[in-house]
Structure formats: C-alpha cells, structure tokens
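These notes concern the structure reproduced below.
Each chain gets a letter, A, B and C, in the order it is written, and its residues are counted from 1.
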C-alpha cells in the first residue's frame, strides 16, 4: 500500500462526509415541519446506496464491459479483493461515496411533499442502474484495463460534474416535474412564495462541510497522490469563491427585491459542482472563470425553473444539473491546448456538449419513466392534509419533539 | 516517520472528532431544557480524560506489566518520547482519543437528572482505572513487547468493541440503575413516555459525524497502513448499513405503533459498534451479517431495558453495551478459519464469551460500586424541582438564552 | 510529491474546516435575530479572502523581499507552479487557510451592530495588507530562501499565535472600539447584560470543530511530516485541556455569580491559541502550563474589556489577542534551552515581547485607522432601529424563516 492509497482513502472519508453536509444544507432550507423526515431519510438513502451500489452498481460501472454498455463482473464484490494490486476494496470504498453523493441529491429536491417509500425505490434504480451505466461509459477504464467509449471520443469529466452531479440534477428535474410543486409554493395570484429556510446557519454549516468534502471529491479523483493535487484543490477553492461573486452580481442585476442569501449558497455550490469537471485541466484563472460563469448560470437556471412553475426545494436542479453541465462544457473552452488530447477546441466543445446532452437524455428520460411509473403504481405524493401537517409527523410520528417544544414554551411563560 | 505514522495520526484526529458527534447526537435526543448542560459537560469530560488518561491511565494500560494485571511505567508520559522509534507520542495521541470515546458515552446515558460534579468524578475513575485496566489485559502488547493475558487466551477485539464500547455501556448500565429513571419517564399508569428529541436533525448530523469518525477508529487500529485498510473501512460501512436494515425490520415486527426513527439511529450506531470487534477479520458478507444481527440485538435490548424500568436517555447501553458484546461474539462465528489462531470455532466462541463476561463483571461491578459510593457521599441526582427546571439553568445558570428566546417571541408577535 | 506534501494538504483541509467551526461558535453566542447575517457573512468573508489573499496577499507575504518589508513576486500566483519542487500550489493552499482564519475572526467580534459592506472592505485590507505584511516579517523564509528580519532577531512563532491570532485579535479590538458596544450591552444603571447565546450546543459543536482543525493548524505548520508531529498534536490537546482548568479556576475566584459556561469555551480556545506559538518547542508539561496560564489570562482579559466598556460579541479579543500574546511570551519562559537559538532566556523573553508589541502597534494601529476611515466615509454601524430588528432582516431580508417559525407556532397551538 502506498501513499496513493492513503490519499484515496482519506479523500473517500471526506467525500463520505458530504452526507453530513447535505443533511445540514437540506434541513436548513426546508420548513421545520419536515426537517426530521428529511434528515432521517438521508441516513436511509445512504444505507440503500451502500447495499445496492456495492453489490450491483459497482459491477455494472467498473466490471468487464459488454459491448461498451455495461460492466459484468465483480457482482457482490466477488473476486475483488485480489484485484489490482490491492486497490480493490479501496476503490470500491471511494466509488461508493460518489454514488452516495449522487443519490442523496435527488431526494432533497423533491422533499416536503414526496412520500418516503417511493423515494427509496427511486434510490435503488438510481444507485443500481441509472448512475452506474452512464458512469461506465465515461469511467469504465478507471479500474479495469478496457475502453470507456465516451471517454474514447474525448469526453472529459475529471471528477464527475456530469457523471455524478448532472445525473443527479436531471433525475431531480424529472422528479419535481412528476411530483409537482409544494402546495403553498405559488399563492392564489400566481405569485411565488418562499417556503422554509428553517435554519439558515445550519445550511451554512452544511455548505462549509460540502466545500471541505469537495477537496476529497476532486483531489481524490486523481486516484494517486502526485504534484497536481495542490493545483486541483486551489482550483476547487477558486471556483467556489468566484461562483459566489458571479451569483451575487447576477442576482443584483436580474432579480428585483433580491436577497443575496440564496446567491451566496448557490454560487458557492454551483462553483464547486462546475469545477468538478475540470479541476485537473485548468489553471487558477480559468478556474475563477468557470466558477464565475457557473454562479451566473445557477441563478438564471433558478429563475427559469420558477418561470416554468417547477419547485425544487433545495436548488438541486440549478446547482447540480445546470452547474455541472456548465462546468463540463466550459472545460472545453478554457483548458490549455495540451489537455485537448489532439482534438481542436471546436471539436472538444462539441464532444463535451454531446456527453452532456446524452447524460440529460439518459438521466432525465429514465427519471421521468421511473417517477411516472412509481406515481401510477405506488403513488408518489402525500395528501394535502399530510403536507400541511408536515412529514415529521406523517412519516415518523414525531409527536415527542413537539411535546418537548410545548413544554419549553410553557416554561418560558412562567419565567 | 513513515506513512504508518501519518495514517495513525489522521485516524486519531478522526476519532477525536467523535466528541463532536456525541455532542450532536446527545443534544438531539434529550429535552431542550438540558441541552446546554450536556453540551458543555462533553467538553469538560474530554478535558478530564485528557489529563487523567495521559498522565495515569496510559501508564496503567500500556506500561510494563505487573503480573499481567496493570502497567507500571510511562507515568506522566515519562520516558515516552524516545520510546518505540518515535511512535511514542503518536500512540498516546491515538489512544487518548479512544479513552475519550469511552468516557463520553457514560455521561450521555445518565443525563437529564444527574448532577455535573458526580459525573466528572466518575470520569476520573473511568479514564484512570476501569477502562485502562481492562484495556491492559487485551491490548498491553500493542505498544510494549509483552504479553496481554486475555489476548494470549485467544480473545479478539480488533478496535475495541469490548474494550471501549462495552466498558462504557456497562458502566452506563450501572449508572442508570443507581441514579434511577428521569421523573417523567413513566406516567402514573406505568406507561412509558418518550422524552426529549429536542433536535433530531442535529442528532442525524451527529450520527454522520460518528460514522465518519469510525473510519479512523477501525482503520487506525491497524497501527499501520497496509492493504487491509480498504477492507476494514468497507466492512465498517457495510455493518452500519446492515444495522439499519436489521433494526428497522425488528422494529416493524416487535414494536406496536412504532416509529422507525429510533431504529435508524440505533441500527446504524449498533452496526458500527459491533463491527469494531472484527472489521479486520471479516469479509463484506460477514460484516453485513454482523451489522444486521447487531441491529436486531440493539432494538431488542432497548425493549428489555424498558421492561426492566431502566431509563437510558440516549441508548448508550443497548448500542455500546449490547452492540459491542454482540459484535465481539459474532466475530467468532463468522471469521474465516485463518483468523481463529489455531483454536476451534467452538473454543473461540467460548473465549470471546468469557472476555465479554469478564468485561461485564468488571465494568458493571465497578460501575455499581462507584456510583453507589458517589450517591451515598456526594449525592448523584438533582432535586425534582431542578429536574423540572432543567439542567441548563441549574448547572449553568443559563437564563440569557431564555431571554434571547423571549425577545424573539416578542418580536414575532409584532410582525 | 512526498508524504510531506500529503500531510500539508490534509492539514490545510483541516484548517479550512475552521470556517465551519467559527460559524457554529459565533452563531451560538449571538442573538437569534442576527444569526443568519453572521453565518452568511462568514461565507462571503472567505470568498473575499480567497481572491484577495491568493492574488495579492500571498505575494506580499512570501514573495521576494524588498528591504525586508514586503514581498514582491508571485502576484496573481504567477510563476508559482514550477516553484519549489512542486510545493508551490500546495503551500498557497495551506497559507490561504491561515489567512482565512485571521480574517474570519474579526467580523465575529463586531457582529450584531456592524453593517455587512464595511466589514467586507475591512476584510480586503486585512487579507491584502495588514496580515501579510506582518506575516512577511516573521515567515518570509518559509517559502523563499531569504531572511525574515523578525525571525532573524530570534522571534519565534511556530504556527501563528501572533502572526494569525494576535493580528486578528488586535484588529478586532480596534473594531469594537470604533463601532461601539451593542446598544443593550449595558443597562440604564451601567450594569452589564449578557446578550445572545442563541444556541450554546451549536457553539460547543463549533468548539470541537475548531479543536479538531487545530491539529492541522499546528501539525501542518511543520511543513513536513517528521517525528515531531505526535508531540505537537499532544501539546495542542494538553494546552486546550489545561486552558479550561485555568479559566474555570479563575472564574470561580474572580467572578461573582459566575456561570462556568463561558470559562469552558474561552479556556479551551485560549489554550489552543496560546499553544500555537510553541507547540513545536515545548514538552507536554510545559504545554499544560502554557494552556493553564492562557486560560487565566483570557478570563481576566474579558473582565478588563468589560471594565473598559468594550463589547466583544464572541470574545475574539481576549481569546485571540490576549491568548496569542500570552502564548508567544510564555514560549520564551518554558521552552528548553536547546530551542533558545543561542539567546539567553531573558533576551528571548524580550525578543518575544518586542514581536508581540510590534504586532499590537501594527495591527491595532492600522485597525483603528481603517475602521475610523470607514466610519467617517461609508459608515460602519446600523441604526438603532435596525439593531433592534436584527441583521437577519436588515441585511438579508430574511422574513421567510420568520414565517416558517410563525407557522410552526400556529400548528403547535392546534395540537
């Protein structure tokens, strides 16, 4: 075991910690009456991802390829331990955390009106089919010595801006279309209402946790510890910072009666998502550009969603979908010639665009099919009355914390 | 200094971070009126552990053995710096974090009705005597080239399921017996009431922090960085995931009007505790089995405690006591023959069982003696009136945060 | 890339995580009506530090020295990638996190009555001028082979107790003098009122995060991974623990009607700040002494500030200013002769004292000038009415979370 393995393992632990970041971020952005439901759901989602991805998804993604479409060995981690100079289990551990990130994003966007069980079924399809197959096309050669056809075409996605984040973003988009907006999202006059934000400081904590974890996400994706790591981490940080600048400026230009609060969050996270594609192929100034543009894109995408009457409770579609797509395409614009791999810049842009479109068709299409099927069979949404009551009580019968809350209030009146 | 030292140090930092995880977890599970008291207490407890364990406990645990019963040099870290190829201070730092974990668990279970000072005195005995002595019998050979008699018998406890978690769990059990249940835990008709849960999302954050830290707990326990680390971390993760499945299924079978919320927490943490014994000696499928069974055991143990009228505010006894014992024994059932060390499986099971029973007798017995003595001398419990008021105010005179709260409420009425 | 680079990178990630720690700590200590403002401000502050420090501050701090006063190359990170055996970007990443720590401290102390925009302008000066210039005088030789005149005189500041923490503390002192106390801090009879403490458990989480991050702060400052790391981390931990003891004892002696709560926080953080100067030059017993005395100093400094009518919302001046100064001077008292570098202990004490005084004159003087200028031009403070309403609403128009809160209260009344 070498220093490379150590770096991958530490990075994987950091990426695992994204689960904590998403919990804080999502809980902070939604209504109090649903926070318990969302928080617990995040644990269950990771449990499902662990079992489904390790036993099935990993084999589809990194196993020996059949016609370039899907992998086909390492089922249930068989024959893995001896593989690849003992990298085997280390690599599974690392990749599991990436799958965990993709899956957890989806439930956030649909929260506050979607039942728990249908979401968990969607997790299974996402971790066991949608995510690993697209991943196979781009990353199949990371573990096994074989071709990954999309990568062979020249598609570049260093740490998963498209593979992880866009996939999650477009499945989320399908989900919020099928499940519909939260009932109070638009008032009787069609004016949008802001809901939730039960605990913004908690969301800030979540954002810093995610930012921290991203150093593992991008840095670890080298799969070795070499002299590019410093640059990658600096790029990651620059893009997050520039994302905030881009998002704040866009907000001040395009949004009346704006609060900069949302811009700060979506700029930072949009910048982090976007640089995921190219943190290894850019220099700091280009990373700043990528982050800045991603910040602009995320704010505009949020506006677009609102215009279309779509309701994304935590901004997953603008941040992960649009942010990831922007970063993947911008990479072709900004990367030095040496990383174009012999293609002209125009060709590289078209290749990146194709990969992004293919990802959209795949993830959004299957997402629609999946959520539509679930809706027509199991049902997807809570009743109006349940939505009013809140999912804390509906899903987890959480009346005890209300009792605690009441007692606190009672005591206060005596003071 | 080698890559091994780096891995131990990073792992130790992760294990330190468990302190943050326990704070969030405990605060989330108890009543608002006690959260400040518990949170501050966690800092003080770690302060005491630092001083007592490093200056005394470490010497008893890892010093040169007297009759196999206790160590007897390195008092106050003397002669340590030059010891063991400069591993000295690194090893103390690592082991301190393990002691810190053991000690912090106990105060959680007894919270909401126990005075601060008696708990701190108990910390001193735990960090300076109960924990290091049992630890000496199992781990004395980890640092000094000498025999650890329980390990010589064949007792296996890789990262401390028994040494750390059971010890803490059984001392907790003694504590909750002596201090008695919280006054509102059973109503006038003898029906159990759920108390607290002031902030479940905070508890979820705590659970993810603990999960993250556990990668250091188990991974670092190798005391080197070799090709088993990947497997150990995967096993750790599998057991946590399977623990949730086991606990949720058990809950749905055995508990009427159940909420799955508690099952998710205790399953994940129970799985993590259980795999601590054998993460280095199992393969993923066996880790799944260990976690699953631990999830079952923890839920049943919780029911048992309720039947017995025992009140554990944060589930420390079921999770750390029963979970740790289950994992230690299951290890003998599931480990491949190569790790049986020449013993037959039956013998190994009996050895593991003996080690677990000895630990119970030692930790529970001394725990009873300690808390009984404290109760009869200093007193252990707050008055009924103080319990009603809450320990925030009783222990830390926290009236300011109430004032802040009142002002907030006042402002709201003006809106 | 070697194990040294890996250690620096992991440490830098830990130090970045201090941002999360400061958010939790500050949010916990202030009034609810300002928590959103402070939390978001922490993100923006780090964004500004990233851009200003990397593009300008780093060049001033570590570039080729002009007359020993300031550095003058590496502007905008030019010519950095090839520098120093590929340490270049790694080192910038590491140093950025230190600058981020210094800058974020200042805004905390002035919070609850200072406008956002003036604070951000102060961030620019701090990250781009005040911090890097003093840093140049002490640390200019860390990256480029040249003299750092203050270090040449024998001034020792291993990881920045003076360079980072005192600088931040004294600029904070200037800030709270110029902006004045919060309007409700003293009542009509001149009696001090405690304000805020909206969420003490969150502040405890922040404290543990900071403690964790400090292992990277001090450990990483070696800039290599050698056999001193274990000792450095142990010293760091001892000093924090002893700081709590010192602060609690001082509180019980000097403060009537005391609550130990504040002592626990300021003792731990004061101990961590103080040991930053000498964690590499002391042994555990001396680290305990440094921490203990720092705990005493921080509590007395808090009392002094109150006597002087100064209002520091989060204790930044006592902890970072006085704590850092104490640690820097105590180092000269306690370090073994071998680290005195040929100076007598008396001379060393005088040198340390001189460096601390120079730092005070520089940081406090420029801080006064800066905040005075801002006050006279842009204005620094919100109106009384705005201060009453709280900065959540004033700066970020956060009415939505109030609405969520109201709905929660409404539901509760129906229960």
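Going forward, contacts are C-beta pairs under 8 Å (C-beta built on N, C-alpha and C of every residue); 3 or more make two chains touch, one makes a residue touch a chain.
Keep in mind the model is a prediction, meaning the values are calculated, not measured.
*Asks:* Note the rotational component of the Cα superposition from chain B to chain C, reported as an angle of 0 to 180 degrees in steps of 5.
*Replies:* To map chain B onto chain C, rotate by about 120 degrees.
*Asks:* With touch defined as above, tell me whether chain A and chain C contact each other through largely the same residue numbers, more than half shared, or through different ones.
*Replies:* different
*Asks:* Indicate the whole-number Å distance between the mean C-alpha point of chain A and the mean C-alpha point of chain C.
*Replies:* 33
*Asks:* For chain C, give me the residues that contact two or more of the other chains.
*Replies:* 3, 6, 10, 199, 405 - these are the residues of chain C that touch more than one other chain.
*Asks:* Inside the complex, what are the residues of chain B that reach chain A?
*Replies:* Counting only chain B, the residues touching chain A are 3, 6-7, 10, 14, 31-33, 194-201, 203-205, 207-209, 211-212, 215-216, 219, 225-227, 229-231, 233-234, 237-238, 240-242, 244-245, 257, 259-261, 264-265, 268, 283-285, 288, 389-390, 402, 405-406, 409.
*Asks:* Once bound in the complex, which stretches of chain C touch chain A?
*Replies:* Answer in residue numbers: 1-3, 5-6, 9-10, 12-13, 16-17, 19-20, 23-24, 27, 35-36, 38-40, 42-44, 46-47, 50-51, 54, 76-77, 81, 86-93, 96, 199, 202, 396-398, 400-401, 404-405, 407-408, 411-412, 415.
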